Amino acid sequence: MSNAITLSALTAWVREFGALIDTHKDELTQLDSAIGDADHGINMDRGMAAVLAALDGEEFPSNAALFKKIGMTLVSSVGGASGPLYGTFFLRFGAACGDAAEVDPEGFAKAMRAGLDGVVARGKAEAGDKTMYDALAPAVDALDDAIASGSELRAALRAAAGAAESGRDATTPMLARKGRASYLGERSVGHQDPGATSAALLMRAAASALG
Amino acid sequence: MKKLINDPGDVIGEALLGIEAAHPDLAVDHTTKVVYRADAPVSGKVALVSGGGSGHEPLHGGFVGPGMLDAACAGEIFTSPVPDQMLAATKAVDGGVGVLHIVKNYTGDVMNFEMAADLAAAETGVDVASVVIDDDVAVQDSLFTAGRRGVGTTVIAEKLAGAAAEQGRPLSDVADVVKAVNANGRSMGMALTSCTVPAAGQPTFELGDDEMEIGIGIHGEPGRKRVPLAAAREVAAMLVEPILEDLPFNRGDAVIAFVNGMGGTPLIELYLMYNEVARIMNGRGIEIARSLVGPYITSLEMAGCSVTVVKVSDDMLDLWDAPVNTPALRWGV
Amino acid sequence: MKKLINDPGDVIGEALLGIEAAHPDLAVDHTTKVVYRADAPVSGKVALVSGGGSGHEPLHGGFVGPGMLDAACAGEIFTSPVPDQMLAATKAVDGGVGVLHIVKNYTGDVMNFEMAADLAAAETGVDVASVVIDDDVAVQDSLFTAGRRGVGTTVIAEKLAGAAAEQGRPLSDVADVVKAVNANGRSMGMALTSCTVPAAGQPTFELGDDEMEIGIGIHGEPGRKRVPLAAAREVAAMLVEPILEDLPFNRGDAVIAFVNGMGGTPLIELYLMYNEVARIMNGRGIEIARSLVGPYITSLEMAGCSVTVVKVSDDMLDLWDAPVNTPALRWGV
Amino acid sequence: MSNAITLSALTAWVREFGALIDTHKDELTQLDSAIGDADHGINMDRGMAAVLAALDGEEFPSNAALFKKIGMTLVSSVGGASGPLYGTFFLRFGAACGDAAEVDPEGFAKAMRAGLDGVVARGKAEAGDKTMYDALAPAVDALDDAIASGSELRAALRAAAGAAESGRDATTPMLARKGRASYLGERSVGHQDPGATSAALLMRAAASALG
């Protein structure tokens, strides 16, 4: 496995995600003010701070062990909608990554798909509901396509991050059907979804830490 | 941000210290942020666990005590608690005949309570049932959306279910009481001002001096629509009419009518609103059998109110009248 | 002005309609604007009449009922009622053994209650006694001034006197209970925001985003001094220390500790404040025997709080614990 | 009694006072915002509106009867500090005016003094306490002096109104010792007293209606 992604690279990805959340937390909360309850940045930052603290100094034997820790930490520290959703994403991602201490690009893409399926299983969101799904799903599709068509990991991750960002931007005109934004009905139109925004950061972190 | 707090990150922990100090009948687990009846578990009684984001006080911690909840899980401000909290509470209050989770219908609350119930099934032999409250007529109900929010009916449901549990009814019956209250309860709210999540530091939304929000929830979120400020009697109509039409409530129905303050509206205005609400109900021939007026399910310091109407049977009225001894609702004891 | 009202001139009358509709145990005379126990007069029981400006709800109307007041006179917002109201109430509640007027020390309240007592002496055979509450340590006490304001101690005094009357104690003894509570009670308040008298239409004072008022009363008036916004623990010290030094309260004293909301401050902050207050008292070795946390003597929608501490004897604790059944305080029944 | 003040002139005085209160009610409330509870204008306006309504269409046999009605109406409709104080002022004024249907300037001055004494009996204010007394007392003194020294009524009332206005202005630097303003301690300094302001209007009304 020449171009395998190591456990420490995966850890770097999660750390980078935490750093991006920290930098963007006010923006995420701001977006959630408009169509939610003004806490998405606060929630994600509390969760990722807990994750980074949990990673510090601890050694993990495998992908599965690392991401179980990450997922459980998010579930136990975030609450709200994003806690179970991101928690489930990482738990499923880790389980699919397996008990090795590295994963090849195909395996990484499969694990991302498993994570996405976990989000759907938990939250029942569909395309166009104006949720994090609308950023994650195109990203996972783009990753699959790129890797299937033989792209390098670096290019594939950039394509995925770009797709996530386009997906995030596409949430703006959507009328929300899931999450708190759905309570606003027509008034949810014209605002970017906070969860799609944090999901795009997750993909951008992958592109910069793993690419 | 003008609040009587220390660090925004410590608000909930410090408020829980205050609740514990002020109420010797309650016990607080500060690690998991759960408020318990001091005498939990009550053997042979179905136990009631609720919880949700903080910032809605007295809901839910103020409703813990004989005749109402056995435990309340306090999440971060406006954020559902995490499954660990509900799991700890479920284990601690089980009196051997099962635990009922009373969940307000928000994506976060529903998912976290679901995970807790899964964990309880996996880790314990405790019989757990869950009921979701979704009474807010401001939200269009639909199979394809998150559905309606759980708001004011929650207070009535927790009271009636608490009384049913105290009578020794089995888990499924107590769950049925909550379902019946939810099926017969409808609410709608409005805001004159926004509120400020301490960690966010600024109001969730801005509202002009001559505007109000109709169809708000309880999380400081904007409502269904923004309209010009109106007189109390028009506000009452905007809230009560959609409620009455939704169930619908009919001439001759007996109801519990509940005018709730959002946190920043003084009691004098709530009584004035109650007068308007009662006038509309009387005009429709609906009999207000019992009433509740005050800030019971709030949204921090938001100014505004909500109206909840629950159609009640004689059994439900008996459950309402049964003794309750909690910080926020107390009678008969 | 953002309020749930109709016409500013109708606020009190309409709120009284709401109180009457919500509380079948109360009767309201809408002409004189007096709230009564529905079963008044209670023969053979000393009757308690209080009252004052409106805008302090639940005080006083929310404290009418068995175990507390027999009647409450509602003045205009922040304006003492007129003698006609107290006279009507005095006549209506006399159970043959005298009527106690519980008066908060404001020039207007004192003069109007005095005139009412004079009229009662001239027109009726009713035995009337009056006690004035003046517990606010923010105001320098002096023979040459109007003296201290009556604030939070009033709530405790009305509860204890109500219980004493219910026990059948004679007028002078019930008056002595109020005097003892007043002699042993001290309060101090603060505001984060001003409030708006409906008929005035704008806030009574302006306060910067980073300022607060210390030493306020309950009429939306500015306080003793304006200081920079501070953390809850510093605010608690600013309120509790002058109180404890004034009486003074000493190590080993048993007290009732009361953290009161001014109307616009949510319960979560009041519990957080109670934690700070209790911490200071514990540090001084003062024993909090009973506590009360919530908005009980308010100043419309003002954000802020006050602290009241009353040193209590065993008899006073028994009176506190005795049954009470009013809209705002209820236990034991 | 060539220059006697008739009952209808006295009524005109009270009506003029009511009109001045109506015009100045916001100013009075504003002054009360600074050092009181923002209701003095509202209180006085409620009271004087009730008085004017009570006078409408009713005939009074005597000074005493007219001012008893005025005083009792104020007591029964104002509340607060100003209700009993102005009520007592007019009750005592009327009693001192006697059972005739007119009063001569000396009698008027004596009745004003009786009204002032009533305010003191009710409120225990002393000079310099920063209350309505500080406008009323100099006015009554000036009236006495002018009439004793043989001034015409018109001139005497103008002197009294001027003295009331000087007394009102002199309340600004005072530290309040009575009424709500006393709770402010040092902070009461620098604000004009609302009750002294309405009292100056009472004297100004006398000068324009009786002079």
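By letter and in written order, the chains are A, B, C and D; residue numbering begins at 1 in each of them.
Keep in mind that, in the parts below, contacts are C-beta pairs under 8 Å (C-beta built on N, C-alpha and C of every residue); 3 or more make two chains touch, one makes a residue touch a chain.
If you want to know which protein each chain is, UniProt gives these names: A, D = Dihydroxyacetone kinase subunit L; B, C = phosphoenolpyruvate--glycerone phosphotransferase.
What you see is a predicted model, and the numbers here were worked out from it, not measured in a lab.
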Taking the mean of the C-alpha atoms as each chain's centre, how many Å separate chain A from chain C? 55
Using the average of all C-alpha atoms in each chain as its centre, how far is it in Å between chain C and chain D? 32
Set of chain C residues in contact with two or more other chains: none
Draw the chains as points, connect those that touch, then say whether the picture is a line, ring, star, complete or other. line
Touch relationships between chains, expressed as pairs: A-B, B-C, C-D
Show which residues of chain A lie in contact with chain B when the two form their complex. 29, 33-39, 42-43, 46, 75-85, 122-123, 177-180, 182-185, 187
Touching chain C in the complex: which residues of chain B? 2-7, 11-12, 14-19, 21-22, 54-55, 57-58, 62, 192-193, 209, 212, 229, 231-233, 235, 263-276, 278, 288, 291, 293, 295, 298, 300-301, 303-305, 330-333
In their complex, what parts of chain C are in touch with chain D? 53, 75-84, 106-108, 111-112, 114-115, 136, 138-140, 142, 144-146, 149, 197, 199-200, 204-205, 217, 219-222, 224-225
